[in-house]
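Structure, as structure tokens:
For reference, chains read A, B, C and D in written order, and residue numbers begin at 1 within each chain.
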Amino acid sequence: MSVVLADLAYWQETTIRLLVGLIAVLLPAGTLVYLFLFKMMSFMQSRLGPMEAGPYGSLQLLAEVGKFLQKEDILPKAADRLIFKLAPFVVLISTFLLILVIPAGPDLWFIDVDTGIFLGLAVSSISVIGILMAGWASSSKYSLLGALRATGQLIAYELPMVLAVVGVIIQAGTLNVQEIVMAQATGEIFGFGGIGNPYVITQFVGFLIFLIAVQAELTQPPFDMPVAESELVTGYLTEYSGLRFLMFFIGEFATAAIFSALAATLFLGGWYVPGLEPTDNLFNVIGPIVLLGKMLLVAFFIFWFRFTYPRFREDQLQQLAWKVLIPLSLVNIVITGVLKVVF
Amino acid sequence: MSDTADTKQMAYIAAQAADARVNLEIETEGMTLNIGPQHPATHGTLRIVVRLDGEQVISADPLMGYMHRGYEKLTEVRTYPQVTTLVNRIDWLGSFANEVPFILAAEQLMEVEAPPRAQWIRTALFEMSRIANVVLFLGDMGVQLGAVTPVFFAFRDREFILNQIEAVTGGRFHPNFDRIGGLKDDLPKGWIDETRGVLKRIRNFCDEIETLVVGNEIFQSRTRNIGVIPADIGLSYGLSGANIRSSGVDWDIRRDGGVGLVHNELDWKVWTHPDGDSFARFWVRLQEVRESCTMIEQILDGIPSGPVMAKVPRIIKVPAGEAYVETENPLGVMGYYVISKGDLTPFRVKIRSASFNNVSITPWLLKGVYVPDVISILASLYFILGDIDR
Amino acid sequence: MIQLSSHEETTEEEIEIPKRDDIREDLISKLKDDLGESLVATEIIAEVDVWARVTKEAWLETAQILLTRYNMKYFNFLSAIDWLPSPFGRDMDAQVDQPEPVTPEEMTWGTTGGETRFQLLARVHDPENHLGISLKVDLEDTDLSIESWSSIYPGADWHEREVSEMFGITFLNHPNPVKLYLPGDFEGYPMRKDFALLARRIKPWPGIVDVEDMPGEESEEDEVDA
Amino acid sequence: MRKIKLPGLIKGLGVTFKTLVRTLTKGSHTVQYPRVKESPPPRARGVIALHEENCTACMLCARECPDWCIYIEGHKYKAPPRRPGGKPRKKNALDRFDIDFSLCMFCGICVDVCPFEALFWTPEYEYSELKIADLLHDKTLLSQWMETVPDFEDYEAGSEAKKLTVPR
């Protein structure tokens, strides 16, 4: 994008960046909601899901958004008004910041920083603050419990996620996301370079840990304790309605989309498809589509787990994180490091 | 219920109590959480006030009455045929089963007996209402633990059972089909064959649930050794049905002294489980659905021909006397203590509903568990609000 | 388990003999030994059910004995009966809001008889031998209180709370004597017979109307063609 | 062949995936209601139909109704004699027959007790109203439901029940 935008005025560039950013957040989020939440879930439950709005219910999302916009914006009397109103924005900000680091083609990116992946994982944690704000400000016990659970959970799962990525970083030898993609595109597995080196093969354990951690990070079942409907009503979302709830909702699914994209970028080769030269200008056109496809593949698994599994208990979740995932990812790092030195 | 598990539970409770004491000593303030009356997990309007320390329950106090409809009072002004329209709203998921014990009690007082064909069809419908009821439990338990899919499977397959019940009785939820001295009507043509097909679906559903829920390691870790009820305590609280059978008590009224239904002429098995935890309660119910399918299949093969109604007067006056009849309903033992004074209406009807007793153990059971387990224990006890509040 | 006596075995017409129920007879005779004077009345319907009425003082003791000596581990239910004939009847002719209460008929009692308006009714069960017994106890109008069973059968807790709010009977030594169903400030005892069922009072019975002659036409014949 | 024991987590995924494929290939179990309608069985208790000619305003249904939701008014009149020269017969005329479906709990007692075959169940179920007062169905509306009353079904083998016919 930087190349394309080189000879535009600053305000034009900013406007385009803003629009592309909005599309990049909302389009995958909408796709996920329609494709998985509406349709796949319905099919897995022997029903059709929304069918009335648009062909095959494809415009249902617009109807939903319209519905949320019409709803009364309820502010609990005892709520901390400022923080209550601010919380959804904080969650959304984290989502928007996260998209910055993911490249969609050899020249398509928002920012190109050398510590890209580090930045991405760091900003993804901002949402915890938003959730904690929401839970605290709602002045509801369910919200508070949900927010505290969310905090505990996100802290616990941030760690295995980062550690799982460390394996990739060691193998790629860089923190720059674009270069990680390039490393996968040009790499070879034990001398065979036909399909590049998507790290899902060499970093399979890391990929699994990353997926589980993402699942928990997104508070999707089986790790949905923070919103656990049957226990905490909807956790930190309990007191939210209308537009503010919609923002949380967008934040949730946009984050799901972006984390899937991140997983696709780190482990499945990102915008690259084997057989073509990675610097080919063609990728600036098909790159986003390839990335979207790979993202959907990862998201399919995330949502498949979501619709199949019951949830853990909070203590079981913590045990899984600290006793299984973190040791496992440490072992993974050690092995990766050793192999890196050997080969 | 083995001794070791019992001691474990006791030790667990003692440890929790000690923890709670320590925490109180260092003056952490507890929190009171109102679960209900409107809460996604209470399927109805049960309210549980739990006192929490962190996420651990110090004490739980269920409050009911949000749905009390005063059926015991209402029966006193309704004629015997009118009472069945009331009582099938007690446990609305297995409503035909609610009518049966009342009708049997009235029959016992009137000293009439339904003709064999009526008894067989009655038993078939009785078991079908059990399936309709428990199938929903099997799905609902998943949803309480956060798995959304099983409940849709349950609704999907329960529909077929309800269709079959509707084809005979005319009502999906409130059949009002049982009459003193027999049944309102006979089976429609083709029903038996259709029901066989439906039972296959139910068995298939049971298999699906077995892989999707029972076999799931997360489900097991959430339910095993959670909410353990020792047999003796369960009995003294009056727990019944699958709740007590999953504590290892081999007691099923259908087999042991049930009157008026033909279970004893069928070949079936009473399932028990030694553990007494949430998982056992789920597992026993799953097996019971399968067993019900077996029973209905045998009934379909063996329905005798004949009339479905004994000779009873058109205006029913039940002779003075008292009778208590209980049956093994989907939720547990349901009984009616009917006092008649020879009038058109009963003088007093005491409705002994299963859920009321089953839930009365919760203050004991919920001590020291975590909030998520409150939900899973309540779900595994399986109550219907109408059955608690009557 | 039932041992027929030699007298019955030799009788020709076995159908004529009233059925004997040795298990329940046995239970009652043992109870008589254990409770003595406290056992006021008993009744057996052969192979169906058995009732016993005890004195108020022996209420708690009866539960203890049944639990420990007769293996009646299973608590079935506990309730009460108001034997007052309803002053309102079936409320079928309630045309006005507050009709004069009908003079109550004489009070009659059911199985095992009775002496007072309120009786407590409880049932316990032996889950191994499949034998249940219904127990009754008289409660004087002047003193509607009785020992709580909840120390022996914890399950009686809720049942007693229900009875206490519905009939106004006090249970002594109850661990948590608060209302179960009704709101805390509810007045009156709904299950008592003299508590009017308002749902039946606020609306006239549609069945009260009868088909009558048009005004001006006198009725000549009684029969009506279908 | 020895079956490899898969973890339950993975087998569970199989169940949902199978259902996904089945729904995609064989269609769903649900129907799109206002466009596709399921037909309830003939015995289904949807709404009560009144065969007005048979009703004698005997009040039995109104009296047996547990909810008190049937309102009947009638009067007596003298019908012309059957045979010339005979006495005029006295008959009941039905002035009003209302069923309040907002109160009705669909128990079917009125249909059962009717001695003159004037009341019937029909499986028709689409009669919801926006105002609760509109659920009071009067004589005319109840008679219109008569068209939707299906014939009684045959009985299953071994039955001794007599099949009734619906008066048309």
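Some notes on this structure:
In the analysis below, contacts are C-beta pairs under 8 Å (C-beta built on N, C-alpha and C of every residue); 3 or more make two chains touch, one makes a residue touch a chain.
No experiment lies behind these values; they were computed from the predicted model shown.
The greatest centre-to-centre gap from chain D, using C-alpha centroids, is found for A. The most central chain, judged by C-alpha centres against the centre of all protein C-alpha atoms, is B. More inter-chain C-beta contacts link the pair A-B than the other of A-B and C-D. Averaging C-alpha coordinates per chain places the centre of chain A 65 Å away from that of chain C. Distance between chain A and chain B, defined via averaged C-alpha coordinates, is recorded as 44 Å.
Centre-to-centre separation of chain C and chain D, using mean CA positions: 38 Å. Our note on geometry: chain B versus chain C, Cα centroid distance of 24 Å, whole angstroms. Shown for chain B are the residues in touch with two or more other chains, namely 149, 153, 156, 212-213, 216, 218-219.
The set of chain A residues touching two or more other chains comprises 44-47, 307-309. Across the complex, chain B meets chain A through its residues 31, 33-34, 39-41, 55, 142-149, 152-153, 156, 212-213, 216, 218-219, 221-222, 370-375, 379.
Touching chain D in their complex are the following residues of chain C: 203, 205-207, 209-214, 217, 219-221, 223-226. Across the complex, chain D is touched by residues 40, 42-48, 51, 304-305, 307-309 of chain A. In the complex of the two chains, the chain D residues touching chain B come out as 7-9, 11-12, 14-16, 19, 29, 40-45, 64, 66, 105-109, 112, 121, 153-161. If you check the complex, the residues on chain A that touch chain B are 41, 44-47, 141-142, 145, 221-222, 224-225, 228-233, 307-316.
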